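Labels for the chains are A, B, C and D, by order of writing; each one numbers its residues from 1.
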């Protein structure tokens, strides 16, 4: 019963098969191989436009390289106070941007609003050399609390950002889960709503180590390639990352995986919500369930083999459990967890 | 007939099989998995002592993280003028070290000597705040020209470096080829000769994307883990890198691969040296052959399907071809290349 | 009537005379001159212990170099959300530390409390590689709102910081004003209360461009000298900075200047507090007065020649005026400002 | 008899008087003061065109900020192997550029030639992501060996640089000495010959701490102001730097100072060249004399009170003395030095 993280699970059979099929035959290095070219075409098709695509190995790298390309050292990046880039990347964006500033903003359900962003922007004077200059907004989709931004919410934030000269970045480590939850198209959830650059995640949803940075206006990519190289993220045998993405995208594999994880989350939330002692504290819109429960129950669940993280500071006899569902979470893990919760 | 680079070839069947065996079952993330623990034990055994081991995805990263851990921003790193870190990494070491200085030193056969290092050190005054402070020497083993350092040569350089307070780093992207060529033990070629940290390569010799940074004194590793995280090189599913290393080390697979590549290099060199118009310009001690030939012959070889790089600036009707041999280079590629060279 | 900033005023006659007396005779460069040596002795005497002293040209540099010496790139610095280092230095600390993270904490009167710091520390897990690691607390003394920390408040914060392995830094751009306001000794306000490093300001209080970074334990200074050089802050003719500090410290000039500025602040606050429409919103403990007044009054004051900044976002017909007093503010400027405020 | 460095001498009476005249009256901070505005106008007039001007405190800062504005982290800067930026700034350019690469090129008399630059460029493949990308050439004028570039030499280098997309920077710490030696106009020695940005020095020639970065095309200055702020080099009381520059430029004071230093250099060189045991090893074109002499003679000169540096590695009973002349070197110091050299 592993609900600790969707990144604990391994890779899907389809993706492992694709990796295995690489073989030992030679191909040009550093992304000039056939697979990488094909993935670029797949992503243009997926997003219904010409995009610039750069495969990388994980989300921290995708986020940091995307932001460093858009934001100079004297820039600032507005994000939620609980955003992964702000809290869980050990300052990677600051390293890649050479010291730009992350501006943490509070907001309900781990979501930013145009209003909160506007208020935060009020603290920065444009062109005033003493102030870091806001250059980008970064949203997480789905968020760290398993909530999602609807296209209209993104569009409102994008309109504000663009009117002030900021770019809009999406940390899409769980983009597939958001998309599956919202039921719109990839284009509607990104550039049609005003998104400039997306960290397109695959690792948490079936791949071993693969993401893609996608610039919806290829001109924005500027010196991305040099930044990727200089930070050690241009692989000689790039096709081993690309081939994961290829299999991920093929025949809707990514969406099938995400739908399954989301479905399990719904099922888990529904089951737990029947237990009087448990409260589901955030809307379940993707593949995460946050359940507040008596501390004793949390202990009991763990004693019977459940893995999950406490979220934030617990106390007062109550535990806030983060329960992550994966494409590979067994059905019976959900059933068993609910059963233990119900019966103690 | 691909002799362009050993990083053009894919991965060995053993390593692909190991990757494929990962499956989708959960494991703790970020290197706390079983495979990563096993690889650490394997490398301690391989090097006959307790070492600190950090898997990473490629050589640029291994080199840059190792050097950044040892060298502060005001430090300097002495290396050969043709070293990969100086020439082919787009300034990655400068990025990871936050602006330390690489000091290029000339030397025959792409090798540094203790004497040349001592001479270079003469330009830096210790404790003089205006001078970058030499903190490390970096050697490439095998070198960019396919030559190798014998243990005694390393020991002499290490003794000098240590007497001046510098650490000794080895860029071992082709460490296995050097080892196979020299016929000594991993320990003899590293810490027994005074090496402090090794970039232990696997990518060029059978893996897809796997290297390990090995500190022979674990205390030297200091804040390596934070640097790896902050630069995006701590993978959530770290076992997919570790499993490549595990298969690489198992049953001497790495040395068998290296021996095969070296043997092909010997065979190629021997064949070409029979051709009067061709000169083998550097000692063939690992898996590279540098052959000077008439430009017309180079054109003809390429027209018949041979891939290789010109090395340095060609001219005067002559081409210096770098021919790299891989564990996966087909036997008949060597035979055919020699045949074309001989018959035109 | 310039109340815009204490850094608008020039330099005191004593300091200008000292500068002028430098003459053209030669002296060793880069701080090996007699004046710099004398200033170091003066500061050891002033603080009643052996300290490490480094003259620099301004507060941003003093703060950034001090923090960069104590905090590695993967570190975090806890400070007030309105701290100068967080808000008004365009990310200089992030640049000098190579990407460390500033953690803004809210607190009344621009002051941090041990309790608030402890709460913030709760968000960072020690040794957890995904979290930036808190390494220092930075306080501003006197604060951006003209309030001060008493020695006991500092001691409580220092005790907490040290118990968690953090160093305590003081941004003392207006250290003299705080000291004059509190009436304690320099030692009592710093190392005796647990302060590790002080940015000792002079520019705002009579000098043209001079501050000193003072490490109370000289061992903490580590590689400061290289950082100062590498960032362009080691002056060849360092004595021109040192001589300002020498004159500043001589015969209590610094404290006399600060007392005068503080006295004018008291007088201004007292005068304005008689005006029914005006509210003094923060305790006046140093050389700043924050006065909330009707927007029309602010306009009228400006029309009659008063210079001052609005603080924060004004609105609703009310202006929050920041009024800074300097050693060189003319007596009659205060009298006149009060008079206009009273009579409209 | 101080010939150690022109930065050992203090400041000229004119410049000290100007500093002293600043007084304590308020002025807008951060360069919005009257003096700074006047200096900008002076420099536009001096260089006969609209230029962007940024006062800073020293040469390391001027060079580093100028280069960081022109060269991204993945860029490379071509300079002489003995250039101050390469040898004597502890890697400051690498820090300010966030890890760009300095490429040292050998050349006679500390001078680069278009041919040597072209050869060096041959090692870098344009657009090849593995190679740092050459973005600027930096020349020192006058050079570290007291030689100068004639306008025609600069023009040839500028033409090459521009044809390859590189900018041309001049480290003009001793620009006045070069100008005085060559007898051309400031415009002829800079933008008319193709120079893009100049570090315009004053510190070594009469000021205490003042230089200006001058962009001949103001568009090239881009985000310079943010870089200056973020590195702590935007002074609140900027007028104290500007006022030095104002006095420096006024009534040809700078050229008078430079001419005097150059004249003393000529006189010293002439005197020493009469001594059979002494050889003047580089053309004396500015304010430096390099004299090779028996080691015993160097000892004797020092015993009688002469200060100077050995240049490079001495040995074999011979010393290469660098003798720097300043605007403030007393006439009789030169006469006495020659006399001792002659008579032993």
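In this text, contacts are C-beta pairs under 8 Å (C-beta built on N, C-alpha and C of every residue); 3 or more make two chains touch, one makes a residue touch a chain.
The shown structure was predicted, so the numbers you read here are calculated from the model rather than taken from an experiment.
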Equivalent interface to A-C, taken from B-D, A-B or C-D so that over half of the residue contact pairs match: B-D
Comparison of A-D and B-D (more C-beta pairs in contact): B-D
For chain C paired with chain D, centre-to-centre distance based on mean C-alpha positions, whole Å: 34
Between chain D and chain A, distance of the C-alpha-averaged centres to the nearest whole Å: 51
Chain B-chain D separation of Cα centroids, rounded to whole Å: 41
For chain C, residues that touch 2 or more chains besides their own: 73-74, 89-91, 95, 98-99, 129-130, 226, 229-230, 234
Topology of the chain contact graph, where touching chains are joined (line, ring, star, complete, other): complete
Residues on chain B engaged by chain C in the complex (per definition of touch): 30, 72-74, 98-99, 129-130, 133, 223, 225-230, 234
Contact footprint of chain D on chain C as seen in their complex: 2, 4-5, 7-13, 16-17, 19-20, 22-29, 56-58, 60-61, 64-65, 89-92, 95-96, 203-204, 208-209, 226, 229-237, 239-241, 307, 326-328
Complex contacts: residues of chain A adjacent to chain C: 73-74, 76, 87-91, 94-95, 97-102, 104, 122-123, 129-132, 313
